[in-house]
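There's a structure below that I have some questions on.
Chain nomenclature is as follows: A, B and C, assigned in order of appearance, with residue numbering initiated at 1 for each chain independently.
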């Protein structure tokens, strides 16, 4: 992977042994983490939420947090014991010796101060700013080095005037301002569009090639597999597997690592299950009185959903009208899955709202089973709304906070007039793999994956012909994502429901969709069969997008479903 | 900004119209009431007396004519004639409002100072000071200003004799009333600022700054404070109105010269032009204060300038 | 967040209430006990009074606080503590009455704005903006000036003064709930507007109002006492707290307890109600935003 010849015997820059962190809970947040890292090498710490990977990273610079209890057997930086430094001593190391790129790139710069001030903060704090003009020149050259265009202008601007990618670059520039020997990057590409993500990864790679040691924290195995020399896989605060990246990704030893690798959706996983077979599977739909979608559509053999020439524009707070959806047309057949991919601001979510008739198109129509849909008056549409239902990225906000699970699902059940209300709720919970005992819980008391299952139960309770899924797995950990994607695939196959599946994640869309629509700036740039679009993209934008997707460098042998 | 100015003019016009309508539709005949308040007792005035008064105040004109005259007079700073004091309301207010403005503004500054110091030093530290500060703010926010004033008066002036008992408009005479007025407001602004401060303290950009080696006090002053004051700054226009309410009470507690005494007297004497005049003056100041707050906000949050 | 026992009567309910009580912070428990004490004083003042609140004893006039008279005696030698207890019922009644009336105005405006569509909302919002230009006490004073001085005008004056603040909060509640994702989800299921308003908007928007009302009673008593302090409330012979304040003002320099003890009664009540109310609110809603009135 790395072209750099590394002397394995070279003294490590940083050596950590037996790190334990506790926040006073029953279990330690971090338990016995050890590693050593030499200059010019990259270590990746991967894991899902709650694995302790970010806590570990923050502890490396003495910023674990107020109530944390930290214990360590040995922590050396450049051979010096730093396990018991005071905050004042830590401050001399932070920024100067160890650069840190924090999580949430988009909000990690002070919104009220010019970008240049943030980039120049390190030098100023460490007394290396020199004159005002010298500092300004240094900031501009730092920004130029990380590839921010027009660095003089951008240094004077506020963070919100920069694009997401530029903000992340500026943040990296700020971390590199004092030329530290070690750079720690905590989820450096999360929340960035895929094309920007690829550029940021290149920037980090270039930093390492200049001889810096790099620690990357990520939940995304594909991102990590591209960069890392060594990998630590963490779960519940413990390191479950460690070793050279090739070995960990090529021949994982621990079951959890294998599960994580299997859970990554991609072209290769099409038609296969992502979650281990022990995960709850779809129970067979048992109600006899539900009519099959195809039957209900009866006689009509055209596409189930047809969108023709949709336009939609919104007026911003500055009263300027922006066209968000432009001339979007597509069809969705019975039992088919149509994926819509695009980066942020591409108009994919607005398209979903038009299909749901929550917004009225400025021009164009949506037809459902050959009959008008978007043009109907709300009053006429209401009785047919059960034909199209929806699940959102954030299920929690879509539940009435007062209601327990049972009532949330029951509300939809009653609307559908299928089966006996109470019994049907139980069936639906079984169907989506939720224990019936959870029915009296409130949404706040459930995990993210459970909430999304409730949302799915509510959505299919009305026996829809079309299920619109708007980024349904974006907020979920990869193993939970795998379960939800499996559930959606099962529902589609068993119930014959058609899916309109919206996501920014090409792998997810490719995994699930029969056909896909690629959107950019409100326009459909390319559409076709999933394999055609993703494996043989025609439009330059699609090509660019596909090329930018980080892939697992080593394909793990996949377990058949 | 032009829109904000337009909005300010609208609110000013609407408040004036509101006070006009109140005067017009208050129960009882206005001329009779003026005679009653002047005489100090109830009587049945003669038709001539009434006619003379109606002619003098123009009560016989159509409502529209009266309204046009009222707004026209207002535009020239004329708020009408006081029923009791027979002087132009504008003059009465102008003579008394100075000390009140000094009092409210010093209270506003003091309240901000107290709440900022407490917030910066105590927020987000897991210790007794932090909890004490929160408790202090909840308690002070609930204290009625007249009660604090009375305690101060009894303890510091009557018992210890540190401050003058009778109100005066000297610097020393202003200290106690200003503190009295500032304490509940500081509790209120402090609660809002402290909530926001705690929230901002957990923001990624704060952690980010710490990773560059900034100290705790540094990050609080340079990064967090500026974000944390924004919600309370927005409320400063409102706070000034609240201070006016408090000032009326405080001026009575400390027998201090100012608009409070005028207002209470006018209310007791049902001197409607004077009461509405004071209200309009305070509304005008509220509006000006809000415009200033807008400007201050833009200064603190430069995002609005570039947007 | 654990579910809070309100709907389970009987022995199980009592056990749950016991568990709930034990889960409360000490400060909240004390505040709750104080509020309960005030309620008792309002219902059965005789239980708590050490003396007859109306019995005069000129030999014992204007005595400072002592064991026999914890709050001292007034110019007629009446026990001030007993008088403060006697005044609880009327003072609380004024507070509850003013808040209730204020909520009637505020609900009418807030709901109309929240549900009435853009035009109505714009108009009401403008109207509220205009009212906000007047300080609360000034509005109350104007009302007293126009209608003369009485308990009724005192109540209405406080109600009118505080109503715009509540109206704005209620309007905000309705708009937030109306724009929430769960209302949209209910639309997508095919529920009618009326059903959504009944089923989601009203219950969720109104839920915080119970606590808001409780907090409001404390505030209303403070405002009403302010009016009384200025001599514009209940007339002095009555032991109502504001009236006691008004009567005590003449003696501030000589007999401070006459002014400070009724004030203390008001402050302790307002504070206890605030502590209890905020705690309940935090349990129900999560973190509470402090809002101006």
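Just so it is clear, a residue touches a chain if its C-beta (ideal position, glycine included) is under 8 Å from a C-beta of that chain, and two chains touch if they have at least 3 such contacts.
The structure displayed is predicted, hence computed values, not measured ones.
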#### Entry: Farthest-lying chain, centroid of Cα atoms versus that of chain B
A
### Summary
Check: interface with higher C-beta contact count, B-C vs A-B, is B-C
### Task
Would you kindly tell me how far, in whole Å, the mean C-alpha position of chain C lies from that of chain A?
48
### Query
In whole angstrom, what separates the CA-based centres of chain B and chain C?
22
### Query
Counting in whole Å, what is the centre-to-centre distance of chain A and chain B, each centre being its mean C-alpha position?
50
#### Entry: Complex contact set, residues of chain C against chain A
1, 3, 180-182, 184-192, 199-200, 203-204, 207
## Note on the structure
Residue set of chain A touching chain B in the complex reads 58, 61, 63, 66-67, 87-88, 91-96, 99-100, 102-104, 107-113, 118, 121-122, 125-126, 157-158, 160-161, 171, 174-175, 177, 318
## Note on the structure
As the complex stands, chain B meets chain C at residues 10-11, 14-15, 18, 22, 26-27, 138-139, 142-144, 146-147, 150-151, 153-154, 158, 165, 188, 191-192, 195, 235, 238-239, 241-242, 244-246, 248-249, 252, 263-264, 266-268, 270-272, 275-276, 278-279, 282-283, 286-287
### Parts of chain A lying in touch with chain C, wherever the complex brings them together
356, 358, 381-386, 388-390, 392, 394, 397-402, 411-412, 415, 442, 444-445, 458, 462
### Task
Spell out the part of chain C that touches chain B in their complex, as residue ranges.
126, 129-130, 132-139, 141-142, 144-149, 218, 222, 225-226, 229-232, 245, 252-253, 256, 259-260, 263-264, 266-267, 270-271, 274-275, 278, 287, 289-290, 292
